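Below, chain A partners chain B and then partners chain C, in two separate complexes.
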Partner chain A sequence: MKKNNLIFNMATTALAIVISMMIAFAIIFLVSEDPARAIESFLLGPLQSKRLIGSIFTTAIPIAFTGIAVSIMFQASMFNMGAEGSFFLGALAAAGAATSFNLPGILGIIIPILVGGLTGAIICSIPAFLKIKWGANELVSSLMLNYVTFYLGLYILNNFIRDKNFGALASHPLAQNNKLPRIVQGTSLHAGIYVVILLIVLSYLLIFKTSIGMKIRMLGQNPEFARYSGIKVGGVVIFSQLIGGMIAGIGGSVEIMGMYGRFQWTSLPGYGWDGIILAILARNKPQFVPLAALFLSYLRVGASAMASNAEVPKELITVIQSIMIMLVTANALLKSFKQKMVVKEALTNGTNS
Partner chain B sequence: MEQIVSIIFSADFIFSVIRLSTPILFATMAVLISDRAGVTNIAVEGTMLFAALMGVIGSAYGGNVWTGLLVAVLSGILFSGIIAFFHLKLETDIVLTGIALNLMASGLTIFILYLLTGDKGVSTGLNSKTVPNIHIPVLRSIPVLGEMLSGHSVLTYLAFVVIAIITVFLKKTRLGTYIRAAGENAEAIDTAGISVKVVRLKALLISGAIAGLGGAFMSMSYVSMFTKDMVAGRGFIALAAEAMGHGNPILSTLSALFFGAADALSNNLQLFNFPSELTRLMPYALTIIALTFYAARAKKQLKK
Partner chain C sequence: MIKKGNSTVPILEARNISKVYGNGVYANKNICFSLNEGEIHALVGENGAGKSTLMKILFGMEKPSTGEILIKGNPVVFSSPQDAMKYEVGMVHQHFKLVDPLSITENVVLGYEPMKNGLIDRKTAEEKVKEITKIFDIREDLSTPVGKLPVGTKQKVEIVKALYRGAKILILDEPTAVLTPQETVELFEKLIQLKNEGLTVVFISHKLREVKQITDRISVIRRGELIETFFTKDVTEQEISAKMVGTTYTSALDKGESKLTEVVLDVKNITSKGLGDISVVNNMSFTVRGGQIIGIAGVEGNGQNELIEMITGLRPIDGGSVKINGMDTAGKSIIQLRNAGLSYIPSDRIDRGLAISMTIEDNMIATKLDQKSLYTNGLLSRSKIRSMSEKLVKEYLVRCNSVEAEVGMLSGGNMQKVVVAREFTQGATLIIAEQPTRGIDVGAAKFIYEELIKLRNQGCAVLLVSADLEELYKLSDHILVMYNGEISAYIKNPSEVSETELGTYMLGVKKQSAEEIKGAYYEKE
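The block that comes next holds the complex of A and B.
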């Protein structure tokens, strides 16, 4: 039965991808004057050059961070949207730590990442704490919290770490030893990929190989049962949201230190929402997040190529990925197929015994 | 401090509270009607954004503001039709579908705007119309009250009409009763031979229509154009307002007005050299505090 569920989920995901890609092509045919060229650059554009192949990976890094973060938070049955705020403020805190203290050598990388992770952890644990202690709806409070962290971040940026000699609103520049080194020449791929791989492995081990991970999964599958079996629900929930927020915060730090010379986001970058998309595609399993992240970033790099070659706005991909995740979560999409499978299994089991 | 107090008690301030509350009031009613049916419409945010753009387009191409309003309402209904199709027919999780539709609205509006105007940020290339403000004959000549309550957008008055209709509709009509039953005890009405799904579909479509009006207010009254992501969390604030009001139309309206007041206050505080980031932060922070406070009280009552 477990195996059947896996096949069923994979089939639903595959069908969702096929349907949404077909919708994408239909829209391209409607709006483009040269649909063949548009579709070609959408599908094959990312493979055109070494630089673009590299950018598939660099685009995948931040969303993979938030993807694991949201997977862990959703595993515990919490609709916590705080990854967006954690990523943003984590990045800002890392930039603040890097530019305010003169950190020597490797500490220039480690300390800002830890500060960013801690900041992220605090933010995502707030909605969980309010839920456990007073019953406040975490979905609503985390949505509001994202705006609070955004304006708080702008306030800190403007008043404490702003470089007043720089033309736009931005922090002081990062020193050379605060930047993650590039690892493949001619591309933007940076050492942050090692951090994300490490965190994917650790998250997988945490969720599937430890007792606290088992408790988190139990909460996700059957909260009532988890409660009756004596699990301290509050502690487990808050722990899972702390870990999720920490990963999102580290993600923000790595993005700033790998891709930018300063902190200069003046709007929420949206990576927290991307994390939700990835968690849905990966069905909250950290081990599937990298695959989903590479897939999504391939589509995005393709959409950018299409926008510059064929004048189809790259926002098309936002529409397509939304349709995709709605279809992926559509239990009824392959309902008759699933029923047949269950019946078949029951029949073969019947004849065997 | 004295100056701040004198501002709060001025007629201008109350006027701006009502104006700033209007989109939140529509959004709150849109959330409320869906929530009472047991299918909380998280996508009100995105629905408003989509309707805001479609209203601008409808009024620019239709030549007058009323076609714009009609198009906005119809696109609101269409958008919530999508959520209904996915949730009720394809059995998706309503929260995840709502999130997906909010993301979609953000990209789709830019996509459409770019195709029509070549711009990705604002709709100034479209000659769209605005909803007129009206002065109420007798009310306008009453000194202070007139300044507060007269001269608002047609849509602002409509928002209060919608609140009154929803209040009566939920209590007194058959569909209203079914909607409440679908939210409180879905099995019971299934047993009574009424399709829960059809009731929920109707609630979601009504929700979309109301959200459409809220979107129209944003782009055709609050300002006179569409700008990207212009709804800016008002649909989410409505979720909080409705939760604080426990789904009661009057209490939810009061909560929505509270957020409008926080918004107006934060605009005014900027005049006193208060850091603008902190005043912008305030309404959201107050929402979290108020939400927690009300949730704690409800939890306490439940224990008794």
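The block that comes next holds the complex of A and C.
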């Protein structure tokens, strides 16, 4: 039965991907003068050069962070959208910590990451507190909170860590020892990938191998059952959101320190939303997040290649994403297929147990 | 075969009906079932056997995977209950489908209102409903909101609703489950009367004595298959129950001796305020000692839920105190109560007792996360969890393909066994069993009875809340009757008090003196 569910989930996801790709191809045929070239550069473009292959990985890093962050938060059935704000403010806090203090050696990397993680954790735990204390809907409060976070971030950037000698709104530049080293020559791949791999492993262990992870899952599946079993519901909800927010915050820090010389986002970067897409594709299981992240970033790199080679706008990727998510979350899709599988299983086992 | 009518064709026939549910449960397998006009036909079987599914198919709520339905020999296809009603099939569900704020009349005519000039013709509606309700002696005014009616009357409204829609075949799903003995007697009188007027009744029940009492024929369903159909007069209760479970089953239970020990549960002057000024639980005091099963009887909704929630820490206590093994539970968390020796089988296994979308093994360990034996190097060990779950599944006879299966895939009885397996293996000294066998089969119920008795004899204190009087009589050493949030009787020797007498306490007709009720609270001399 469990195997059947896995097969079913995989089949739904695969079908969703296929359908959304077909629609994308149909659009390409409509808008492109040279559809064959467009499709070719979309599908194979990312493999053309070492630099592009590297950028598949570097694009996957930030969204993998938010993907696991959102997965953990969703496991507790808390539809917290705060990962976006956590990522943004985490990055800003990391940049602030790095440029404000003269941190020696390896501390120049560790301290900003920790500061970013802590900031992210605080942001994502706010909707959880509001929910437990006053029953506020976390979806609404976290969405609103993202704006608060964003403008708070701009205020801090403007008034405390801004480099007044720089032409645009940006923080002071990061010192060399605040930057994550590149790990493959000729690509943008940086050491942040080690951090994300470590966090994926730890998140998997947390959710599936620890008592608190088990409690998070129980709470997510049936809060009344969790309470009955003696779980302190409030504590577990807050813990899960703290961890999720922390991972998103670390993701922001790593992104700034791996990819940029200074903090200069003046709009929300959108990685938190990507995290939601990944969590849905990975069905809230941290171990599947890297796969989903690489897939999505492959599509994005492909879309960029297509945009420069064949003049099909790369926004096409958002069309694919939206259709995919809609189909993956559509429970009725493949329902008859599932029913058939179930009937077959029932027939072979022949019992109603 | 045929009692009346001029043809040998059954009024309703199901041929080779099979049904497989989305969760893989084979609910019906090649069922052939026929109804003769003007009979009361019982459908009995363990829970999960497929009775309700078959009836839902006959009422158009479920589509059969295979097979056909014939009405008076003509094949029909029901794609909705409306279709079934066209062929004069009506059904009263176990959980009533009534709109509480609407009046009796409005509920009865809902969806089939008589119209005049494009508006609902209230007068005609009232007259029609009045006509049908005549034989039911509904004491309440027909404009009373249904939510204010007692359960027995609600059921009558449901039957009236079916008749108003023109039902000639009436399906009753566990109609007596919610009724007091007195109400049951009344219902049976009405059913006989309706039968004499030519109505055909299908009667689904677990209670064999009732089935024996009222029906003409009995069909037994076991594990989705129709085993046999008998004339009621030809079989005994023992024979029916043997057919149901597949083995002979006697209902007599020998509890054996137990040694009474200290007071484990001490409930003193406990009170729960409702939303208004009325206390839902009012100043109740009683004790449960080790080695004792105390039963709580009462019509549902007389404060039992609130009482149990206060004892188990799920609801704040507004007045009085609860002590478990001497520990006052005020301000304590549920995990502290559990550590003090509490185990709890909730009445609602799906909403409270389990996470049905999680696996059997996850459900088994849910309250055992503190046990060191489940971990290797500080992490939960799959293999240790598996071997423990497999051991429990085996010990508690949970029928499943694998402990990795989702609990939601199991039948009701097997789900309950998962709850029981988890709660009975906590090393608890106080077991709160709330409707522990509701809606589960005879075999599983018997198993749970035996386990409860075993725990009692090992020195556990057991508090049993049940709407099933037979169960209370079977298990309880003493019975408390609850009425209106208070103890209305303390029955020291259940064997000396008849069910009818107990019923009078349950309905508030009689109440013991304060002195007699005091017996429920044991104090050391």
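Simple rule for what comes next: the second predicted complex is superposed on the first by the 350 of 353 C-alpha atoms of A that agree within 3 Å, B and C clash if a C-alpha of one lies under 4 Å from a C-alpha of the other, contacts with A are read in each partner's own complex, and residues count from 1 in each chain.
By definition in this document, a residue touches a chain if its C-beta (ideal position, glycine included) is under 8 Å from a C-beta of that chain, and two chains touch if they have at least 3 such contacts.
Nothing here was measured: the structure is a model prediction, and the numbers come from that model.
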Clash or fit (per the criteria above) of chain B with chain C on chain A: fit
Touched partner set for A:F79, first chain B, second chain C, both or neither: first
Partner chain(s) touched by A:A330 [first = chain B, second = chain C, both, neither]: first
Chain B versus chain C as contact partner of A:L152, first or second or both or neither: first
Partner chain in contact with A:N137 - chain B first, chain C second, else both or neither: first
Touching partner for A:R262 - first (chain B), second (chain C), both, neither: neither
Chain B versus chain C as contact partner of A:I280, first or second or both or neither: first
Distance of closest approach, chain C and chain B, by C-alpha atoms in Å: 5
Shared contact residues on chain A - chain B and chain C: 335
Of all residues in chain A, those that touch chain B in their complex: 31, 79, 81, 130, 134-137, 139-141, 143-145, 147-148, 151-152, 154-155, 158-159, 273, 276-277, 280, 313, 315-319, 321-323, 325-327, 329-333, 335
Complex contacts: residues of chain C adjacent to chain A: 20-27, 48, 50, 65, 223-224, 312, 314, 333-335, 337-338, 344, 346, 351-359, 362, 365-367, 369-370, 378-380, 399-402, 404-406, 409-411, 414
Residue ranges of chain A touching chain C (in the complex, touch as defined): 1-2, 5, 205, 208-211, 214-215, 217-218, 221-222, 224-232, 335, 338-339, 342-343, 345-347, 349-353
Residues on chain B engaged by chain A in the complex (per definition of touch): 42, 86, 89-93, 95-97, 99-101, 103-104, 106-108, 110-111, 114-115, 120, 233, 236-237, 239-240, 243, 275, 277-278, 280-281, 284-285, 287-288, 291-292, 295-296, 298-299
